[in-house]
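Next up: some structures, all given as structure tokens.
Both complexes shown next keep chain A, but they swap its partner, so chain B is in the first and chain C is in the second.
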Partner chain A sequence: METVTITMKNPPGLFLEADNVSPDTFAGKKAADIAALHAFEGREQTSLGKYFEVSGNGGATAADTRIVVKGDVSRVKYIGMKMTAGEVVIENSPDMYTGAWMQGGKLLVKGSTNAFTGIGMKGGELVIEGDTGNYLGAAYRGDWRGMQGGIIRVRGNAGSDTGYFMNGGTIIVEGNTDVHVGTHMEGGTIIIKGNVPSKVGGQMVEGTIYVFGTIDVMMPGFKFVKDEEMEVDGYKGLFSLFHGDLGERHPKRKGQVVYGKLYQKI
Partner chain B sequence: MTEYLIKNGFVFDPVQGIKGDKADVAVKDGRIVTGVSSGAKVIDAAGKTVMAGAVEIHAHIAGPKVNEGRNYRPEDKLFTYTPKSRQSRMAGGFSIPTTFKTGYEYARMGYTTAMEAAMPPLYARHVHEEMRDTPIIDEGAYPVFGNNWFVMEYLKNGEIENAAAYIAWLLRASKGYAIKVVNPGGTEAWSWGLNCLTVNDPVPYFDITPAEIMTGLMQANEFLGLPHSMHVHQNSLGNPGNYTVTLDSLKLAEKIKPNNKFGRDTVLHSTHLQFHSYGGDNWGNFESKSKEVMDYVNRQKNITIDTGCVTLDETTTMTADGPFEHHLTELNHLKWANIDVELETGSGVVPYVYSPDIKVCEIQWAIGLEIALLTKDHMRTFITTDHPNAGPFIRYPRIIKWLMSAEARKERIDSFKHSAKMIDATLIAGMDREISLYELAQMTRAGPAKALGLANLYGGLAPGMDGDVVVYNFNPEKDHKPDEIEKAFSAAAFVLKRGTPVVVDGEIVSNGNKRTLWVDAKTDENPQVMRDIRDKFLRYYSINMNNYEVAGHFLTNPMAIEVDATR
Partner chain C sequence: MTKTVTDVICPFCGTLCDDLEVVVSDDGKTIVDVYNACAIGAEKFMHSQARDRVKRPRMQQPDGTYKEVSYDEAVEYTAQMLANAKKPLMYGWSSTSCEAQSVGHEIAEKVGAIVDNTATVCHGTTLIAVQDVGIPSCTLGEIKNRADRIIFWGCNPAHAHPRHQSRYSIFPRGFFTNKGHKNRKVVVVDPRRTDTAKMADYHFQIEQGRDYELLSAFRVAVRGEWLPDTVAGISKERIYEAAEMLKSGRFGIIFFGMGVTQSLSKNHNIDEAIMLTKDLNDYTKFSIMAMRGHYNVTGSGQVMGWQFGFPYATDLSRGFARYNPGETTSNDLLVRGEVDAVFVLGSDPGAHFPISSVKKISQLPSVCVDPHITPTSEVSKLHVPVAFVGVEVGGNCYRMDNVPIDARKVVDPPEGMLTDEEFLTRVNKRLEQLVAVT
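Coming up: the complex of A and B.
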């Protein structure tokens, strides 16, 4: 695997749209070609080399390419967008849309990310060591196709609207989240190890949400079913199962109505 | 003004009966002429196809429901934007493009005129504001009449002359072009939570049937002598087994005779026939009835149709057929917008994904193409996608590919997930018919222009007609792979719009000189109708009558088509 290191030397005045920072575009390119790749600062088209010092060459394919992003990237969006393979390591904290529509490979953020991290994600592994913003693993505005596959792990806290319109895959938030978890969810798994204030599983059709901590206000559309012994992300213990959102339509499979499942740790 | 000579192209012009002869086309002062001076700009069209500008007879491209689609579908814009260039503005959107993109994309494909197919009269100003912002193409809009309280009341009492006077007033007030009918009676029934699924289902309260509404509107249309015929989206759209309702509706034209000064010899235009040619009684035994419907259309010479071809894309459905959109959202569970337009109509919007992996979508794809391929008179069948309902209009080149190449259809059928089941439910696999360029010119130019009563201006290359000329990189003497057909019709080599080059090598070079078409029908003074209008505004409308009319400044280069219906 070849490693390309890009180091922020000249931070943008406006926000930089850097969706070309991806193993798929870096693959097969020399450092100079990578520096010439386009980016947008505001409405002006510019190049990555204007902001980043690039060292190392891309591998033959995306899978053979590892990207290390150093320096202050707090004004850089779309890192790892649509990546299908390879690795990206971001040493600090990027702005929005990190790993958006990611399809494969590994993306590690050592700092925190802003909103829309991993939206519409289809596959791969996305790890945030710090916190993240709103709309983690959610759908793009207006879309009904949220996260569909892959795994997202946030070691810190998340904002609101985690897993909005989620259809598949797994989101694990080791800290707390803000309101709205799994709204309009139709599949996949969300594990919140901390607390959630309210609006958990609103208009949820299918899928599974685990909450280890407290839920201040439970949605009225959830009904207690039973207590169950479960193993969830390395923890074994007793959970209360709720079915919901009862105000939403639910499909029937093998004669049984399928509900969204909300498990709360006892 | 600059003169142009488009030299040595293979010309296809149904108006003059030219079937691919090598000929020159001369344009001066915005019109086709017999010859130009030696100073004329020469466009070398050798080895290329030359046709008149194409005419879109039915698309939803301007107004409140289109804009609601844009508004509530930001995801339709994702990754579609192109930055501004020297001659064009920033443009984006896929199934519901911005107004600018609408004008640019039609022009790039060689379309120079397009009709907005459903204008809610109360929101006519919004429709005209968007048309004003749509560059290049000439446009007009059809106000909807099929669920209008005035119309239903006059027709219930058999008052054709009063209905006609009201229609003339509304065309003038809304700056509309033709009588559009959407799910006659059914949209009004929807405000009572009901629908009209046959031509004989009575409309609640008004106690009139869809058959009576359609017949009365055809009579009023011919009483006025409007340029276009009544233009109808029939009842029971999209339902298995609806082809019998379609035939019942089409048969209503048998009793009506055309009366107009525009050379139009038809009295009913049946739109997006694909959605109305379904057999079976559920989605399991859903099948094509294109043959049954087209056998009738081919025989009954006073009707025109458009296809409503399914393009197999993710799109945004939108129609004044409010109950249908509710039905659709119950089927696909995607977001739904709905509005009731006071005394006039209603509307709904729902996104839809026509997937090549879903049997029903595959069958719908086949039916749209079958309708075109079963056509005997190509001056009466027009290619549409009912944009954006069966797919975006930017897919016309792909539909042309499927119609011109049996090989292209076979490739598509072979890669369907349920091709065997699709073949059982349709005729498409057994059809080897390929549409010729002359037939294509009939279906996209001369035919729709004639049906719209605009045969003197559009759809042909005869001297005196508008200087709308298109050159395609397509040599009819050579064999083409299917994708080369699509490519050639996607981006014209040269488009002249009323004497102004608007597209060169597939790129926009000018915002053109668009016009807005509307119909000004003069009728005898009718104090009763004027009293009824004032009365309904006072009692029911949410706005004052003085704020209703679309004033002239809403229209870009207005062109009124005048009709004298005084007796």
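Coming up: the complex of A and C.
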């Protein structure tokens, strides 16, 4: 596997849209070609080389390419957007849309990310060691297909609207989240190891949410069903199962109504 | 002798009343009196007559004083500012005509700006919800003639849309509602006992920030499912009773305002309210409508919608239209430092944005086009006064129910003053020379 290291030398005055920072575009390119790839600052089309120092060459394919992003990238958006394979490591904290519409490969953020991380994700593995903002693994505006596959793990806290319109894949938040977890959820799994203030599973049709901590206010459409012994992400214990959202439509399968499942650790 | 201009459109709120009578002096130059308007609407007309009105553009000097400049200089400053910026913000648009908005959008496309209107701090969340789940709506005329179940959720029209209740929602006698308010059941959901709530048959004094839960509970109750004993401070018996009352109506309408669009849950509240409306349509006819604020904020959404495909917060910086509230909305852009110039027309962010955003406007090159002296004109580098749309110049406007109505001109603007559209057209012409079309 070839490694390309890009180091921020000349931070943008406004914000940089760097959707070309992805193993798919870097693959098969020499350092100089990578520096010539375009990026946008406002309406100005510039090149990655204006901001980053590029060293190392891309591998033959995306799967053979590893990108290490160094320096202050707090004003850089879209890193790892639509990547299908390979590896990206971001050593600090990038801005919005990190790993957006990701389809495969591995993306590791050692710092924190801003909003819209992993929106519309279809596959791959996204790990954030710090915190993240709102709309983690959510749908893009107006889309009814949120996260559809892959796995997102956040070691810190997340903002609001985690897993909005989610219909596949897994999101694990090891800290707390803000309001609205799994709103409009139609599938997939969300595991929150910390606390959630309220609006968990609102308008949820199908899918599973686990909350290890407290829920200050439960949605009125969630009805207690039973206690169950479960194993969830390495933890084994007793969980209360709630069915919901009773105000929302629910499909029938084999004569049975399928509800969204909300498990809360006892 | 004076003369009376009838059927004048009121350019104040989204109700866009069309029955005003304005008395003007014999020479047709001054407004003497305004009939049929609410206090706010009448003041809008009378304010155009103020003696201390600013009639020429003014440039703020480093010491805070103003220097009068010509319209030519103002056009040049505005065009240069927009041409030199990498990502200018063009905000406002809600208090001007659709014609002016259209010219503004042409400019925005040329300079790769972000066009955003006042929905960003108002009903923008409604527009997000509408995009997510659609909207079953109707016109205000249908409500006047048919509606017998009226819900005001998080809005207080008694103060914000003063003639709404008498013209459309509570009191008018319509074709199928010939007993006026006696035909109607009025529900108000508000944490405060507002003047609108005092007129209601049912007032749900909800816990603050629990609208999403109560709307969800209504949906559960409409389906006859299980509910906990209290939701948002309201007992389940009252929720089941209200659900039955709504189902038993012939035509229902939910009006909603800032109380739900800008409180906790934002777009999700509206999403849930729209879905409640949809659910109620299994039993009777139900509609839902946003209580739009500025008289032509709906028009701005319409014009932006047909020109770019998005109703607000449209980012044209990369040559194609993008839209993502949270990123391309004015306050996020300003607070995060994503824009390098600000152009404001037909709105007053200085009065309505958080101070952190207003500070950013004051630090950037900025132009404010507004007939009045406002907090925005005070923090902007250049203030361009223009004629009042709907008073001194006509133009197309959209009512809150998306019905277009042409505003009428009542008097002439002071001599030599430009209208919004004329000013924008001149800026656009100058930009043709400054910006090479790619």
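One rule holds in what follows: the second predicted complex is superposed on the first by the 266 of 266 C-alpha atoms of A that agree within 3 Å, B and C clash if a C-alpha of one lies under 4 Å from a C-alpha of the other, contacts with A are read in each partner's own complex, and residues count from 1 in each chain.
The rule is simple: a contact is a pair of C-beta atoms (placed from the backbone, for glycine too) under 8 Å apart; a residue touches a chain by one contact, two chains touch by 3 or more.
All of these numbers come straight from a predicted model, not from anything done at the bench.
*Asks:* Using the superposition on chain A, decide if chain B and chain C clash or fit.
*Replies:* The answer is clash.
*Asks:* Between chain B (first) and chain C (second), which, if any, makes contact with A:G142: first, second, both or neither?
*Replies:* Both partners, chain B and chain C.
*Asks:* Determine, under the contact definition given at the top, whether A:E206 touches first (chain B), second (chain C), both, or neither.
*Replies:* neither
*Asks:* Which chain, chain B or chain C, ends up touching more residues of chain A in the combined arrangement?
*Replies:* The larger set of chain A residues in touch belongs to C.
*Asks:* Which of the two partners, first being chain B and second being chain C, lies in contact with A:R43: first, second, both, or neither?
*Replies:* In the superposition, A:R43 contacts both chain B and chain C.
*Asks:* Give one of first, second, both or neither to describe whether A:D24 is in contact with chain B, with chain C, with both, or with none.
*Replies:* In the superposed model, A:D24 contacts neither chain B nor chain C.
*Asks:* So, does A:E87 touch the first partner chain B, the second partner chain C, both, or neither?
*Replies:* Neither: A:E87 stays clear of chain B and chain C.
*Asks:* With the two structures laid over each other on chain A, which partner does A:E125 touch: chain B (first), chain C (second), both, or neither?
*Replies:* neither
*Asks:* Could you name the one stretch of chain C listed in 128-136, 272-280 or 362-370 that collides with chain B in the superposition?
*Replies:* In the superposition, chain B collides with chain C along 128-136.
*Asks:* Identify the overlap between the chain B-contacting and the chain C-contacting residues of chain A.
*Replies:* On chain A, the overlap between the chain B and chain C contacts is residues 43, 140-142, 144.
*Asks:* So in the complex, the part of chain A that touches chain C is made up of which residues?
*Replies:* Where chain A meets chain C, its residues are 13-15, 17, 40-44, 96, 115-116, 134-135, 140-142, 144, 165, 179-180, 183-184, 198-199, 202-203, 217-221, 223, 245-248.
*Asks:* Mind pulling up the chain B residues that touch chain A in the complex?
*Replies:* By the definition above, chain B touches chain A via 72-76, 78, 83, 333-335, 351.
*Asks:* With touch defined as at the start, can you tell me which chain C residues reach chain A in the complex?
*Replies:* 85-87, 111-112, 128, 131-132, 210, 212-213, 216-220, 222-223, 225-228, 231, 264-265, 268, 271-272, 275, 279, 317-319, 323-327, 336-340
*Asks:* Flag every residue of chain A that touches chain B in the complex, lowest number first.
*Replies:* 43, 45, 139-144, 249
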